[in-house]
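Here the chain labels run A, B, C and D in written order, and each chain numbers its own residues starting at 1.
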Amino acid sequence: MTRRAIDETLARYRAVRAQTVALAAPLAVDDQLAQSMPDASPTKWHLGHTTWFFEKMVLETFVSAYRPHRPDAAFTFNSYYESLGDRRPRAERSLSTRPTLDEAHAYRRAVDEAIAALSIDDAERALPRLEVGIQHEQQHQELVLTDVKSVLAPQGVAYVERTAERDAGTAPLRFEPFDGGLVEIGNAARDGFAFDNERPRHRVWLDPFAMGSRLVTAGEWLAFMEAGGYDDPALWLSDGWATKKAHGWRAPCYWRESPGGGWIEATMAGERAVVPSVPVCHVSYYEADAFARWSRARLPSEAEWEHALGGIAVGSNLLESGAFHPRAADAHAPIAQARGDAWEWTASPYAPYPRFVPFDGTLAEYNGKFMCNQFVLRGGSCFTPGSHLRPTYRNFFPPDARWQMSGVRLARWR
Amino acid sequence: MTRRAIDETLARYRAVRAQTVALAAPLAVDDQLAQSMPDASPTKWHLGHTTWFFEKMVLETFVSAYRPHRPDAAFTFNSYYESLGDRRPRAERSLSTRPTLDEAHAYRRAVDEAIAALSIDDAERALPRLEVGIQHEQQHQELVLTDVKSVLAPQGVAYVERTAERDAGTAPLRFEPFDGGLVEIGNAARDGFAFDNERPRHRVWLDPFAMGSRLVTAGEWLAFMEAGGYDDPALWLSDGWATKKAHGWRAPCYWRESPGGGWIEATMAGERAVVPSVPVCHVSYYEADAFARWSRARLPSEAEWEHALGGIAVGSNLLESGAFHPRAADAHAPIAQARGDAWEWTASPYAPYPRFVPFDGTLAEYNGKFMCNQFVLRGGSCFTPGSHLRPTYRNFFPPDARWQMSGVRLARWR
Amino acid sequence: MTRRAIDETLARYRAVRAQTVALAAPLAVDDQLAQSMPDASPTKWHLGHTTWFFEKMVLETFVSAYRPHRPDAAFTFNSYYESLGDRRPRAERSLSTRPTLDEAHAYRRAVDEAIAALSIDDAERALPRLEVGIQHEQQHQELVLTDVKSVLAPQGVAYVERTAERDAGTAPLRFEPFDGGLVEIGNAARDGFAFDNERPRHRVWLDPFAMGSRLVTAGEWLAFMEAGGYDDPALWLSDGWATKKAHGWRAPCYWRESPGGGWIEATMAGERAVVPSVPVCHVSYYEADAFARWSRARLPSEAEWEHALGGIAVGSNLLESGAFHPRAADAHAPIAQARGDAWEWTASPYAPYPRFVPFDGTLAEYNGKFMCNQFVLRGGSCFTPGSHLRPTYRNFFPPDARWQMSGVRLARWR
Amino acid sequence: MTRRAIDETLARYRAVRAQTVALAAPLAVDDQLAQSMPDASPTKWHLGHTTWFFEKMVLETFVSAYRPHRPDAAFTFNSYYESLGDRRPRAERSLSTRPTLDEAHAYRRAVDEAIAALSIDDAERALPRLEVGIQHEQQHQELVLTDVKSVLAPQGVAYVERTAERDAGTAPLRFEPFDGGLVEIGNAARDGFAFDNERPRHRVWLDPFAMGSRLVTAGEWLAFMEAGGYDDPALWLSDGWATKKAHGWRAPCYWRESPGGGWIEATMAGERAVVPSVPVCHVSYYEADAFARWSRARLPSEAEWEHALGGIAVGSNLLESGAFHPRAADAHAPIAQARGDAWEWTASPYAPYPRFVPFDGTLAEYNGKFMCNQFVLRGGSCFTPGSHLRPTYRNFFPPDARWQMSGVRLARWR
């Protein structure tokens, strides 16, 4: 049985690793080396970092004879692990011209071969770490796309060709009632893999509430803009108002005003006019919160979200199915009540669950140390690998982040 | 009965207003005009701002014939009310040389006289706003002290003379067990005045926990320092570690290393050697959180805090009793199990309670718009007016703030 | 004769010291404690710094029994002398609440008494340093006025009452021809006191040139503004254009657009409409240079200036004569061909003259270390003590400085 | 004769264009896309910018039927020409992932073909602009090397292989006397091509001086370091001292302390121990000036430099001869009295010569608008194309620049 588990894991390892490379394939070399801002990383860095993660967490830990493939990988590809030594400052990742992109691919292949050559004994001991590494690489697959979008979008460059897009219209927004009470959220051990921050499963008291039946659409956002939502400080958090002013925000990220009137959005399939029926995306927490206040509603807490939406079927998955195409990827087909169009800002600051226990050892730095100054997003986006669309998954970003696929779902008290 | 309520309120008005002036009395004019950093304000500004608050919220609102005492007060003394027009940027408050300090006192007297001259009818309508104004002024009394401490401490200047200080020793730290369960926190309407952010009273589920019997002491903090607590990133939140490095923190704010060894603390009675038995103070959330992790404990949530400590007797009050003196003010006499030595960082991000409703009108900006990027502190400090030491009171500051009287109480899971 | 020299110097010492105090007299205490920006200093700081200068350079150097009046003066009032130990960072001068303003005056009196009590022997040895100290204090008299103007002007507060102002009209601008050739500039030893940077007298080759007969007027500046001078990058230095955009400059400092049209200028006598006939003032080097280019002219070099204008009679002096009043101080009466209305930007970067020798000892830091990234201004302003209006005097400021009394004179090649 | 001039110019065009491509050949694609800091540019940008320069200044100006090769080239490759429209901010040049490097080479080829296809008439009219474009491209050849060195050096990556290096020892430093007097400097029209900033030839008065016989060596710099030169503020300009502290400078750029003692220098041939006999390089003006003061000498003015060294034979040229190799390129073989090892900081702020006339039209922005806040460097470096080593050539950089090949020659008064 262990043998089967190992085989199954290694098969997923190969598939996930190949998928990352496939995601980079449509890009020019130049696109893969640019870093648009400190928060985003070059594609090359993602390719290397995920590889370094397996090398450091699996090969160097469990294979006594293993020697690192490159001495400079630890400095170049360590993201934020203080316990693993010096690393290049985050804002300077594009300055690591070595390893080159070709060398980064050679690094990937060398580590893949070493993983394939794991002895049964080593593989068995490494199994939990292999699993974390696979999940970790899937997280970075989404980041490859969001980060490169921040490079391509301002240049109006497309990642894929646009296919025909049918505007299905927008279903009316309903607020579904929930009684709340003493509910349970979080991931139980029996549920299979989860990150440490999803656990333990625990009780939460919820007052009665109502949850929006779908995400807020671009058309509804246009109404907010036309109503002066970006100009009324009464709608905004104080920090949000200051941030909005400092950056001159007037619309979601990647929107620009058309010289002929109307708004144009940069998508992964290039620029097109904003489509009113699709979920709005690339808004910050501050904007989502202001929109909710303008709507005489609020953002849901993550417990409300998980209680109300945890059982809902997810949207069609893109990365996993290989069906990654512009309509799906970035055109936000209107899929009522589905998780997986855009990440949904919640009103919950990112904090540990009661009795939270971080991963062991080095991996203790994986999630816990970021539980401050961020907000939880739930659901998943059209960039998210399908197996990550689980109900208990907690994504998190600072309230001013806009380059992720972040949208809005409303909630209300009953 | 309304007449009695009015008389009672006006009597408290006079007492509180006089107390603010009394707090400034020991200061040189120079001390009252300096602004140590954007977060802190000059004493003169506090004197004017609290006065402007009454003028704007009471006199201009309820007295039709009232004309503002000075045309420049609105620009100079508006703190953050977007709905009330342009205002001087926060960081430049010391550049308002007009009104002068003398003129600010004249402004106070003019507004006090106008309040004293309120008709019964006006006073009755204004009563809730008068109450908010009084509570507001009391909040600024504490800020007068914390802000001027940030001016005096680096210069080694005393605000009061030191009286004999007896080191009472430190009681052993016990962790008192609590069963938790479905509990209620928050302020109910019948409890008298409360700020909007304390309401409504609502249910929260608490897992069983244990609460520290007293605040962490300076002696315990020294042990943390000697154990390398400031040098071990594994103890710190990621943002905390970056903040610590950027500022070069090695000890609480206002501590400096003595040339002859040991540590010296600047208190309101001037500098003295750190007293191990008194509660540590002037630490940021980041430091409090790192200390808790080093202690194999954690910070309590605000619900745990209120549930466990809400019924505990508070320490001797200082501002209210007129007994403000150095021992009490800033030497932190060890008072086991008392609220009121130092504000206690909780692990709770500052967020609205379920069904939170902001104050009406302009006062909607009082609390709600700050519910982001801050943490709740509970309890109160030796600078806090006694009537503010209520169990439901929610203080809040960003996690890097150190100039407030902020200390640490530990908690644990059971 | 030495005795007479000592008596004469001490008499000037008393007069100059009294003049500084007199300059502060019209100000509120609050005005004297504010620091508008890092480049400007509070009046209190000037009062203390000039005193510390005499204490450190004269009393501590030549009077063996002298003990510093206050231990904190060295930290508080040292401006930039690296050789004299730690000092408060320049940007934080308003945070020195001690010494208080009263204590600063007590400090002045104590040092004045110690200077008055100098023995003949000590005074004789100290004579050159006394002279430097007097000249130094006079330099700070001008800074007291320019720095406090930067506090008062944005508040629309007057330093003096306005007296009747007669618009004398503007003389036509002529360009007076000069042959140039091998000329001498700089201060010769026989000329009496000069700063080290004015020496030695040395030869310079000048091509034939023509010098403007008077300063550029506010009316001419308005024409530049109306012609789009602030919007045409072709007129500006690259650094100047970037600076202009960063600060949003559209007019000289202290000018603001009137709601009813036209421009209003904040002067030391309060605000008034811009008077077209008076010299424009409070412009940066960048603006002066752009104006000159727009005028198909250029700024003169300092050698041209000194050669052409060194023999011209100066304007009526203000500080010295006691006749300091609004017309003179800041209303710039049109005085054709007079030095002393406003400092005149030259095209000369501030650099040492050939064979420059700094002052001895500590005073080596007085001028030489600033010979970088600044431009020389010549002439003097209505704020300048009359004895400083000598032809060889070199004032210097960075090219973006606008809070000094800096104006424009044009020159051309022949 | 015009035909011959055209042919000669086009032959040089081809040679220079090919040389730029050859300089990039040893680099990985990754190296060519990185931007180490706002001041430096990616190699790809240099390849594109020099091409855009010919397209804009020659083809679009003189060939009526010419259409730009790429619509995005103007935005991407305009360096600083305000008159030519919007452009990517300098600090973000690495974010232009399109054109890709391949497309940039295609752009080069397309423009080269259009230049080759110029009609005789167009070529004749364009001849002066072609010449400027060639000279301009040669300037960028040096920048390709200095900018990519700033990418490679911190990574310890070599651009070329090191060849044997013979330490020839250091000739004693002599100070050669010059009488000065009324001399002429600057470029006369008959001297062939020169940039506008080198003209006109004009008279300058020089006091008698003495000029160092060779550049300061790394060994002499080590002595300065060991004598505490970086720790003594008395040696430094005020701005220099502040800059030094802010950056933590302790040695020239690209030097690092060896774990085993001694200093290591990153050169274009990789890292090696500092060689005492070669000229020191990569020092800022501030450091050069401090070194000179420590040496009881000074930096020469540019007029002194040109008068004393204008007739001296230059060192072996590297770029032009094709003999670019590590010894020559970056190991600074000791060549006494030769120009061309390293650029030499002068004490002269970069300013226009008397009667300076900028190039016509768009090219007016080429040099003149930068005549502020910079210092002139003379001579040339081992990275400089040989034909640029002319005696009147004026290079210029801000005083804190260290990534250029900037060294030190001393001078003294006689």
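By our rule, contacts are C-beta pairs under 8 Å (C-beta built on N, C-alpha and C of every residue); 3 or more make two chains touch, one makes a residue touch a chain.
From a predicted model like this one, the values you see are computed outputs, not experimental measurements.
Asker: State the chain with the largest centre-to-centre distance from subunit D, centres being mean CA positions.
Answerer: B
Asker: Taking each chain's centre as its mean C-alpha position, how far apart are subunit B and subunit C in Å?
Answerer: Whole-Å distance between the two chain centres: 45.
Asker: Give, as an integer number of Å, the spacing between the C-alpha centres of subunit B and subunit A.
Answerer: 38
Asker: Roughly how far is subunit B from subunit D, going centre to centre by Cα mean, in whole Å?
Answerer: 59
Asker: Two-or-more-chain contact residues of subunit A, please, as numbers and ranges.
Answerer: none
Asker: What is the complete set of touching chain pairs?
Answerer: So, checking each combination of chains, I get A-B, A-D, B-C, C-D as the touching pairs.
Asker: Using the touch definition from the top, list the residues of subunit C that touch subunit D in their complex.
Answerer: Per the touch definition, subunit C meets subunit D at residues 80, 82-83, 182, 202-205, 207, 233-234, 236-241, 347-349, 351, 354-355, 364-365, 369-373, 399, 413.
Asker: For subunit C, which residues count as touching subunit B in their complex?
Answerer: For this pair, the touching residues of subunit C are 28-31, 33-36, 44, 72, 94-98, 100-101, 151-152, 154-155, 157.
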